[in-house]
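Per-chain numbering from 1; labels A, B, C, D, E, F, G and H assigned in written order.
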Amino acid sequence: MSAKLKTQVAILMGSDTDLPVMMSCVRILEEFGVAYDIKVLSAHRTPTETVRYVKQAPGKGIRVFVAAAGGAAHLAGVIAGHTTYPVIGVPIESPSLKGLDSLLSTVQMPGGIPVGTMAIGKSGAKNAGIFAVEILALSNPTLAKKLGQYKKSMAQSVLAKNKSIKKKCRQY
Amino acid sequence: MSAKLKTQVAILMGSDTDLPVMMSCVRILEEFGVAYDIKVLSAHRTPTETVRYVKQAPGKGIRVFVAAAGGAAHLAGVIAGHTTYPVIGVPIESPSLKGLDSLLSTVQMPGGIPVGTMAIGKSGAKNAGIFAVEILALSNPTLAKKLGQYKKSMAQSVLAKNKSIKKKCRQY
Amino acid sequence: MSAKLKTQVAILMGSDTDLPVMMSCVRILEEFGVAYDIKVLSAHRTPTETVRYVKQAPGKGIRVFVAAAGGAAHLAGVIAGHTTYPVIGVPIESPSLKGLDSLLSTVQMPGGIPVGTMAIGKSGAKNAGIFAVEILALSNPTLAKKLGQYKKSMAQSVLAKNKSIKKKCRQY
Amino acid sequence: MSAKLKTQVAILMGSDTDLPVMMSCVRILEEFGVAYDIKVLSAHRTPTETVRYVKQAPGKGIRVFVAAAGGAAHLAGVIAGHTTYPVIGVPIESPSLKGLDSLLSTVQMPGGIPVGTMAIGKSGAKNAGIFAVEILALSNPTLAKKLGQYKKSMAQSVLAKNKSIKKKCRQY
Amino acid sequence: MSAKLKTQVAILMGSDTDLPVMMSCVRILEEFGVAYDIKVLSAHRTPTETVRYVKQAPGKGIRVFVAAAGGAAHLAGVIAGHTTYPVIGVPIESPSLKGLDSLLSTVQMPGGIPVGTMAIGKSGAKNAGIFAVEILALSNPTLAKKLGQYKKSMAQSVLAKNKSIKKKCRQY
Amino acid sequence: MSAKLKTQVAILMGSDTDLPVMMSCVRILEEFGVAYDIKVLSAHRTPTETVRYVKQAPGKGIRVFVAAAGGAAHLAGVIAGHTTYPVIGVPIESPSLKGLDSLLSTVQMPGGIPVGTMAIGKSGAKNAGIFAVEILALSNPTLAKKLGQYKKSMAQSVLAKNKSIKKKCRQY
Amino acid sequence: MSAKLKTQVAILMGSDTDLPVMMSCVRILEEFGVAYDIKVLSAHRTPTETVRYVKQAPGKGIRVFVAAAGGAAHLAGVIAGHTTYPVIGVPIESPSLKGLDSLLSTVQMPGGIPVGTMAIGKSGAKNAGIFAVEILALSNPTLAKKLGQYKKSMAQSVLAKNKSIKKKCRQY
Amino acid sequence: MSAKLKTQVAILMGSDTDLPVMMSCVRILEEFGVAYDIKVLSAHRTPTETVRYVKQAPGKGIRVFVAAAGGAAHLAGVIAGHTTYPVIGVPIESPSLKGLDSLLSTVQMPGGIPVGTMAIGKSGAKNAGIFAVEILALSNPTLAKKLGQYKKSMAQSVLAKNKSIKKKCRQY
């Protein structure tokens, strides 16, 4: 059980203003009982500390990195340059270009340095959590089982919407 | 050793014209000695066979899916809808919009159904292979070690370019 | 008359949050007296139920599908993969990319699997309803006549705006 | 049988340079035995003749319009303004913006005047033909049956690619 | 003098919701004493009336058309197809794509049918008015003189901002 | 007649590499018998000479400016800043962004300084010539008549394509 | 010391509405004790005064220009055409296209006339100030030292966020 | 004189395939007699060596960095994170998105870490060289004088094109 609580996922954010978005990732990890570490570490403003963290993370049990950044979003790529553990990128919506810059900066990585990129914003943050769980579940049957249940309950939740949909139509 | 040869990665392509691009993925898996299955299966033209394949894949040992498609690239998303194993998406360059459509169709997944998206085209195909290896390496120390060597040799290959760079400058 | 009330159009939405937009489609069908079925069914979260619905729909009288989804909007394409009845796609505006992703994911279908795509958002939802009526009107003279009247009254409504336009100018 | 040969689909192109692309539509209609009329008629250069053609088309048996244009692609919209028959739009790839302009000009129609828009270029042209057949098949069981066969043979053609895919991998 | 008051500019809008934007055009024409006609006429919803208006306009004195539309903005192009008088296009900001669709639909006209396109929204509406005046001023020395004064007063208005700019800096 | 030969249109290009594109403008002016001046003058590399030319142009008879530039295409805007004569902008296709940069830099002018913008590339260059003729024709009945004939012959040329279109279909 | 207070940076804005954004630049210069001049000068509305200012600026001590403009943002390019001092461009967010037009108009300069372009909006304005300081610091050891301290304090400020990040997580 | 030959500019490229583009920068520096160092160093593949180089560069005389990269172009940003010397970014055209990704990844830097970004491709590479010279010229009167001469000869070269432009027109 203590093994389960060992931090396995690191959530790094370029700025603490990314936290409201990344809470969608945090909640998934908590729902699945995956211990995580969460840090504000910038590829540009704290490059040395970022690299040090990435280098030391495996020693603490980290097996998957989730990196969130906006604009010229280099954080995921910089992490991927320093590790061979899977790096999941979450492009944060930026003020003017609405995350198109964040997405392209995160996903268009050169051959050799992959970043598994998620959708812009909250959906992406949530999916980063689920994707991390999917990766960990490959060697953790409990997580695998939970994922199956999660998928089923998600389907049921969608189907349940149909009970009231005709009534809702009449309400508009 | 037979375990090592058990197919662990499934490479699915929406069209056989995606093969030249996806060879960059194939070569990585072969280089790392990861056994793979490769199939042409379309989300739109063979939806039933695609779903059947995805459902049966874990039974054959598949633990990671790589899906390549262009245009309204739904293949990775459709696979992700039917599995809780990690799905890696490779957006293929499309004739008119050059893969912007493929990228957005692959990456902008709704909350609950993650696709780890790579860059458009060959770099993305190559990185899909490496990312799959990174995931498998979490429970395979041999792969983990090879990844470390791969990263080092990649760095050396870049640094080696510097020997001739000044000479090349004079040649232009 | 009972034949007229037989459901002929299926409106499927990827999420119940799409309902306010799709009400523009619902209202057109009600205005033209076309019976419809409306369901929340996701290409990704309820793929099995979605396919089952599409397969069974013709048996209930459905002749035209309207599919609304946002982001990596795969719903219309997935439906089109499982039917030879006309599928009309409505791209829903997405939070960050404002529906550009939804539009490209819906319209850029590969050869063989058409989706008749409408504009992003409410105009598209309304037009999906009208387009469905236009298709049904080919074998329903009553609908055809109503369409002619609708077009005329639309023109009159535009022209009527001109009575007060000069006065409005002075009000600004 | 003569009824089957009555022209039911009108293919209009803004320029004769669109013909190589629209041949993908022509071939589908010929494969399905749907008689068609094909014309070069521009929304801008021959507006009067375009409107006259659209007005007279139903009298000749036309039930579906396919309109292809590039750049500020107004042809489909102009046709839709003058008819209540279904109009299918094919955005042609343009020289500089590669059809993004053609797509947006075709699909972003205001409420009231739908254009069922297909993908940019050849895939879209092919799908315009299939979509027209899907519409006509609603009241033509022979066409409906052929569509089912077409879909099956399309799937078989995809699946057949898998026989040689591993061999092809070795050839690269 | 009565000649001066003869309507010389026609402002056509695809929808009366475009009026708040087009007031920037109206005000310029009123400031320069150029008589105008303003109409809501849609390329799609009132195509016949639009063409009739364009054909009859020169007889009423109209020498320049200003056309405002959003989304698949065909109005300016349709007018240009029916006249050899200068047509100025104003792309109206659209709900989802923010006028990129309106701009491309207006400006990317095929060879032979020019539309002098302005910026998206209010700046474009204002400039449409000024551009119309510039055209009319070629044969109207009074307007030409007013344009010179307008340009000077615009410069003075900008330069006047500098008196208080340092104070404003301190206020933030 | 000498009046007719007085140069009335100035074609300015940011670079002599724009000439092949701008020949489409030159040919229109020659076809209509409008005398023109053509110059390579850059907003950035020869700013002083550009302004001097613009200031002196009206004295030589110039009444309309056509400005062609690519990338950060400032030429038309800079000219418009120094004149109250109509300025027509032609965005030249740029190497990487294919003229999207040129288009936005030309058309998105601030309120007060209009540039009548044409399509990107050759169509835009041709239309710049026609638009200049349309402006000049307002006070030149001969040009106005020629424009009417040009429009008719353009329509006939489109309609003539229909004679061979069915044959062409069979040739593919 | 008086030398230090000599104005070395000129901040030019196309409109006084750009001031709230450019205050981020002003504050940096004040924080570093760099004297600046700030002016509203438009490339289009006050072209003559803009050029005069640029020509005279070096005589007053100006060594770096910062230019802010939106839409068809020509100001930085026009300045760069008249000086060989470094010009830093700040694209201001525009109403419809959100600064994509401003960015491309500023950055896509032709060979020979560089503009060092910053991000769209406030981040770009702030960075323009820092970049100007970096340039001046090359011959000013005091500024160089301050830059080092600024960078350190920026890192510390990021790292300090980590103290409360876990608590913040619990607050959502 | 030896001081003049001390390397003052570092040109770093993410890949040696960027060299043909960056030769436009090299040639400018050679033309101005500015000594430079040129290296292939990747933000992702050789992150440690890149940081080491940046840290040691000032000790060798480097005062300005030029960084060229394509796709998720992080090189300039990573350098800027480790230095307070001016960093000039050159976005390299990428295979699918043609440098839009490279541009946004380079220019959209967060507040605090400026990168002076140039145009995509060769024009940008050339301008990076000139911009570096402009910066160095602030404390080097010889370079300043050369810049003035360069600007003049550039203008003369443009003006010289006008001698043959009318002849060229006739040749087309």
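Assume a contact is a pair of C-beta atoms (placed from the backbone, for glycine too) under 8 Å apart; a residue touches a chain by one contact, two chains touch by 3 or more.
Because the structure is predicted, anything quoted here is derived from the model rather than measured.
A.B. asks: In contact with chain A and with chain E at once: which chains are those? Just list them.
C.D. replies: C, G
A.B. asks: What's the minimum number of touch steps needed to get from chain D to chain G?
C.D. replies: 2
A.B. asks: Among the chains here, which has the CA centroid at the largest distance from chain D's centroid?
C.D. replies: Farthest from chain D by mean C-alpha position: G.
A.B. asks: Of all chains present, which has the mean Cα position farthest from that of chain E?
C.D. replies: Looking at centroid distances, B is the chain farthest away.
A.B. asks: Would you say C-E or A-H is joined by more C-beta pairs in contact?
C.D. replies: A-H
A.B. asks: Report the chain pair from C-E, E-F or B-C that duplicates the E-G interface, where duplication means over half of the contact pairs agree by residue number.
C.D. replies: Matching pair: C-E.
A.B. asks: Mind checking the centre-to-centre distance between chain A and chain F? Centres are C-alpha means, answer in whole Å.
C.D. replies: Centre-to-centre distance between chain A and chain F: 52 Å.
A.B. asks: On a C-alpha centroid basis, what's the spacing between chain A and chain D, in Å?
C.D. replies: Their C-alpha centroids are separated by 42 Å.
A.B. asks: How far is the middle of chain G from the middle of chain H, if each middle is the mean of its Cα atoms, in Å?
C.D. replies: 19
A.B. asks: Check each residue of chain A and list the ones that touch at least two other chains.
C.D. replies: Answer for chain A, listing residues that touch two or more other chains: 15, 42, 45, 71-72, 97-98, 100, 107-110, 112-113, 115, 119-120, 122-123, 154.
A.B. asks: Among the chains present, which pairs are found to touch?
C.D. replies: Going through each pair of chains, those in contact are A-B, A-C, A-G, A-H, B-C, B-D, B-H, C-D, C-E, D-E, D-F, E-F, E-G, F-G, F-H, G-H.
A.B. asks: State the interface residues of chain A toward chain G in the complex, per the touch definition above.
C.D. replies: Per the touch definition, chain A meets chain G at residues 15-16, 19-20, 23, 26, 38-42, 45-46, 48-49, 71-72, 95-98.
A.B. asks: Would you pull the chain H residues touching chain A in the complex into a rising list?
C.D. replies: Going through chain H, the ones touching chain A are 14-15, 42-45, 47, 51, 70-74, 77-78, 80-82, 94, 97, 100-101, 104-110, 112-113, 115.
A.B. asks: Applying the document's contact rule, which stretches of chain B touch chain H when the two form their complex?
C.D. replies: So the residues of chain B touching chain H come out as 93, 98-100, 119-123, 154-155, 158-159, 161-162, 165-166, 168-169, 172.
A.B. asks: Applying the document's contact rule, which stretches of chain A touch chain B when the two form their complex?
C.D. replies: Going through chain A, the ones touching chain B are 24, 63, 84-86, 88, 103, 107-120, 122-123, 126-128, 130-131, 134-139, 144, 147-148, 150-151, 154.
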